[in-house]
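The following pair of complexes shares a single chain, chain A, combined with chain B in the former and chain C in the latter.
So, the complex of A and B:
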C-alpha cells in the first residue's frame, strides 16, 4: 500500500471510528511514517536504530545476506509490512528449512493481526497508527513473505491483469527510472536472482509495485503454490482492509470490548461505500487526491500533506527528560514493542529466521501528555 | 551485489591471479592446479544446488531447474577432474572453450542489460569480447603449447582483475516497496 491508503484512507477510517480530527491526523501520520522510519533517518535523529520500521533502497543495496543481516531484514519486513498469517502452517513433505520461510507468508486475519491490534490498545495514537499500517498491509501484501526467498516470493511469467476490457499479460521491466505505465500494463519489478536469499527476492519485489495499487485485479502463479493459480482482487480486499481498520479503531477507542478477526465494520462505511469503491477502482498510480477530498468532506477540516520533517525538530530539540513524550519517541516505542512481539512470536513457533529479542511490555500512563507536549513545544520555540 | 558476493569475487580474483602466475612459472604442471580448482568448485556448486533442491526447491514452482543445474554442474565438475590423465593439448582446448563460453555469456548478459536501459555495460562487454578473442587465439596456436598457456594465463589475470574491479563498483538495485 502507498501513501494514499496509509495516510489519507487511514485518516478517513479513524474519523469514521470516532476519533477527532487532530487524533485522526496523528494516527494517519504514524501509519504513513512506518514506510519512512529507516535506520538512515534514525541516525540523523540520533534515535535508537532498533526502532527502524523500513529499509531504504540504498540500505538494502548495502545490506549483506549473511545470517545476521537476514535476521534484521526479516524482523523489519515481517513485523511491519508482511505480517505472517499462520506461523504453524503445514505442508506435506516439506523440510523445516522450507517451512520456516513458508510460515512467514503474509495474509490477513491471522493471530498476529489480533495481537498487533491488542498491543496498541491503551497505548499512544502513534501505536494505533502503526498497528493500522500493519493491518492494512496484510491485505495488500497477501501471499508474499517479509524475508528474502526465491522459493516463496518468486513469480512466473504468467502474470495477468484483469480490467474492464478483459485480461492482459503484465509486462515487467527492470529499469528503475521508468515509471509504471497503467495504460500499457508495463510495471517495474526486481530482477530475477536464482540465489534463494537475494534481496531481490524480498516481499513482492518480483511483482513490482503492482500489488500495492488499489485498482489491481490479477492472477498469477506464486512460487509456493504448487502450480495453483491465485486470483487477487485488490478493490475488494482494500475495501475489507478499510472496514477492518474502522472496526479495529473502534475497538482501540473503546467502542468495542474485544477485537475479533474476520470482523469488519461495513455498517460504518455503508453511506460512503460507493464513493470508496469508486476511489479504489480508479486506475491510477496514486489516489491521494481522491482520498484527501473524501477525508476533508467527512471531517470538514483540512488535511495537511504528509511532511516527514513535521515532528523531527521537536524530537531533536527535546530535553532528555521530555524526549520520550515527543511524537516521534512514542512512535519509536510502539515500533520497538511491535518488532519485539512479532519476532518473539516467530521464535516461539520454532522459527529462527527473525532471531529472538527481549519481550517488551510497556504501559502508557493516561496523564496530561498533550499539556507536556504543548509546554515542550513552547520551550523549543523559545 | 551483496557484500558477501563482493568478498567472494575478490577472493576468487586473487586465487585466479595466483594460479595464472603459477601457470606462467611452471607451464608443465600449472594447468593441473587450474583443473583441480575448476573441478572442485564446479562439483561444490553442483552439490550446493542439489541440497537446495531437496530441501527447498522441490516445493517451488519451476524449482526443478535447480535439480537440473545441480546435476549438470556436479557432472561437469567430475568430468573436469577426470581430465588429468589425458594429453595436455585437449585439456587446454577444454579450458579455453570454457573461457570462451564465459565470454559469450558475458556478452549475452550485456545485451540483456542494455535492453533494460542500463548504461554501464562497456566493461562487461569488452571482457566478453577479449575472452572470446583469447580463446580463438589459443585454438589457432594450439600446437605451440607454451604460447597457449601464456596467453591463457594472461587472459585469466585479465578476468580476475575485471572480477575484482566489478566487486568495488556500485551496482544498480531495484526494489519495490
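So, the complex of A and C:
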C-alpha cells in the first residue's frame, strides 16, 4: 500500500474507531513512517539501526546477497511489509529449503497479524500506527514473500488486469523513472534476474507497484502456485483491510475486549461505504486527495500533509534523559519490538531465514519521568 | 477439478516452450561443433569427407552439395520442431506432422548420440558431445510425452 492508505485512510479508520483528531494524526503518521524509516534516515538521526522498518532502493542496490545480508533483508520486509500468513504451511514434495521461503508468503488473517495487534495493546500511539501499517500491508501484499526468492515471488507473462471495459494484458517495462500509465496498462516492474536470491525478486517487485493500487483487479500465475491462477480484487480487499483496521483500532482503544482474525467492523463504516468504495475503485495512481477530503469531512479538522521531518528536530535535540519519550523514539521502540516478535516467531517455527532475535517485552515507565522532572526542578531552585 | 486441469495445461505449455528453446539453442551448438570440426578437427578437406585426394577431385561438387543438403535437412528438422514448440500456445491444435517430425528427430538424435562412440579416440569432447546429444533425446522424449498429455487434458476440458 502507499501513502494514500497508510496515512490518510489510517487517519480515517482511527477517527472512526474513536480516537481523537490528534491521536489519529499520531497513529497515521506512524503508519506512514514505516515506509520511510530506513537505515539512511536512522544514521542521520543517530538512532539505532536495528529500528529500520524499510530499505531504500539505493540501499537495496548496494545490498549483498550472502546469508547475513539476506537475513537482514528478510527481517525488515517480513516483519513490516510482508507479514507471513502461515509459518507452518505444508506443501507436498517441497524440500525444507523451499518450505522456509514458502512459509513466508504474506497474507491477511494469519496468527502473526493477531500477535502484531496484541503487541500494540497498551502501548504508544506509534506502536498502534505501526501495527496498522503491518495489518494493511497483509491485504495488499498477499501472495508475495518478504524475502528475495525467484521461486516464490516471480510471475509469468500471463498478467491480466480486469476493468469495466473487459480485460487486458499488463505490459511491464523496466523504466523506474517513468510513471505507471493507468490508461495504457503499462507499469514498471523489476528486471528478471535468474539468481534465486537477487534483490529484484523481493516482495512484489516482479509485479511492480501494481498490487499497491487500490483500483487494481487482476489475475496472474505466481511462481509458488504450481501454475494455478490467482485472482486479486484490490477494491474488495482494501475495503476489508479498512474495516479490519477499524476493528483493530477499536480493540486497541479498549472498545473490544479481544482481537480475532476474520472479523471486520463493517457496521462502523456502513454510513461511508459508498464513498470509500468510490475512492478505492477510482483508477488513479494516488488517492491521497480523496482520502484526505474524506478524513477532514469526518473529523472537521485539517489533516496536515505528511512531513518526514516533522519530529526529527525533537529527536535530535532531545536530552538523553528524555529521548525515549520523543515521538520517534517511541516509534523506534515499537519497531524493534515488532521485528523481534516476528523474527522470533519465524525462528520458533524452525525457519532460519530471519535468523534469531531475543523477544523484547517492554513496559513504559511513567513514574521515572516525574522523578527526573522533580529532580531537575529542585536543581533549578537551588 | 477443472482448475487443476487448467493449471496442468499451463505447466505443459511452459514445458513445451522450454523444450523448444533448448532445441533452438542446440542448433547453434551443432553449427558451432561443425565449424570447429571443419577448421580445427581435420587437417584437410579429404579427411573431413573421408575420401582420398583423387576421389575428392572427381566427386568434389557431389560431396559438397550432398553434405550441405544433409546438414540443411538436419538443421531444418531441428528448427521446425524447435520453433514449433517454442511458439506453441494454448488453443493451438497439435498437428500430426509436428509429432511425426519430433519422432524422426528423436530417432536421429538417439542414433547420433551413440555414433559419438564409433571412434578410436574417446576423449573429453566425445563425452561432452554425447551428454548434449543425450540431453536432446531426453528433451524430445519429454516433448512428445507432454504433447500427448496436452491432447488428453484438452479432451477432458472439452468433455
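The criterion applied here is as follows: the second predicted complex is superposed on the first by the 364 of 382 C-alpha atoms of A that agree within 3 Å, B and C clash if a C-alpha of one lies under 4 Å from a C-alpha of the other, contacts with A are read in each partner's own complex, and residues count from 1 in each chain.
Just so it is clear, a contact is a pair of C-beta atoms (placed from the backbone, for glycine too) under 8 Å apart; a residue touches a chain by one contact, two chains touch by 3 or more.
These figures come from a predicted structure and were not determined experimentally.
By the touch criterion defined above, A:91 reaches chain B but does not reach chain C. Greater residue coverage of chain A by touch, when chain B is weighed against chain C, goes to B. Of the two partner chains placed by superposition, A:68 touches none, neither chain B nor chain C.
Look at A:151: by the touch rule set out above, it reaches chain B but stays clear of chain C. In the superposition on chain A, A:178 makes contact with chain B only, not with chain C. Of the two partner chains placed around the shared chain by superposition, chain B is the only one that A:224 touches, whereas chain C remains out of contact. Shared-chain residue A:196: touches chain B; no touch with chain C.
Note: residues 156, 221, 225-227 of chain A belong to the chain B contact set and to the chain C contact set alike, using the contact criterion stated above. If you check the complex, the residues on chain C that touch chain A are 3, 6-8, 10-11, 14.
Within the complex formed with chain A, the residues of chain B that make contact are 2-4, 52, 54-57, 59-63, 66, 116-118, 171-177. Within the complex formed with chain B, the residues of chain A that make contact are 35, 54, 57-58, 60-66, 91, 94-95, 97-98, 101-102, 150-151, 154, 156, 173-178, 188-191, 194, 196, 198-200, 202-205, 207-209, 212, 221-227. The touching residues of chain A, when paired with chain C in their complex, are 156, 158, 221, 225-229.
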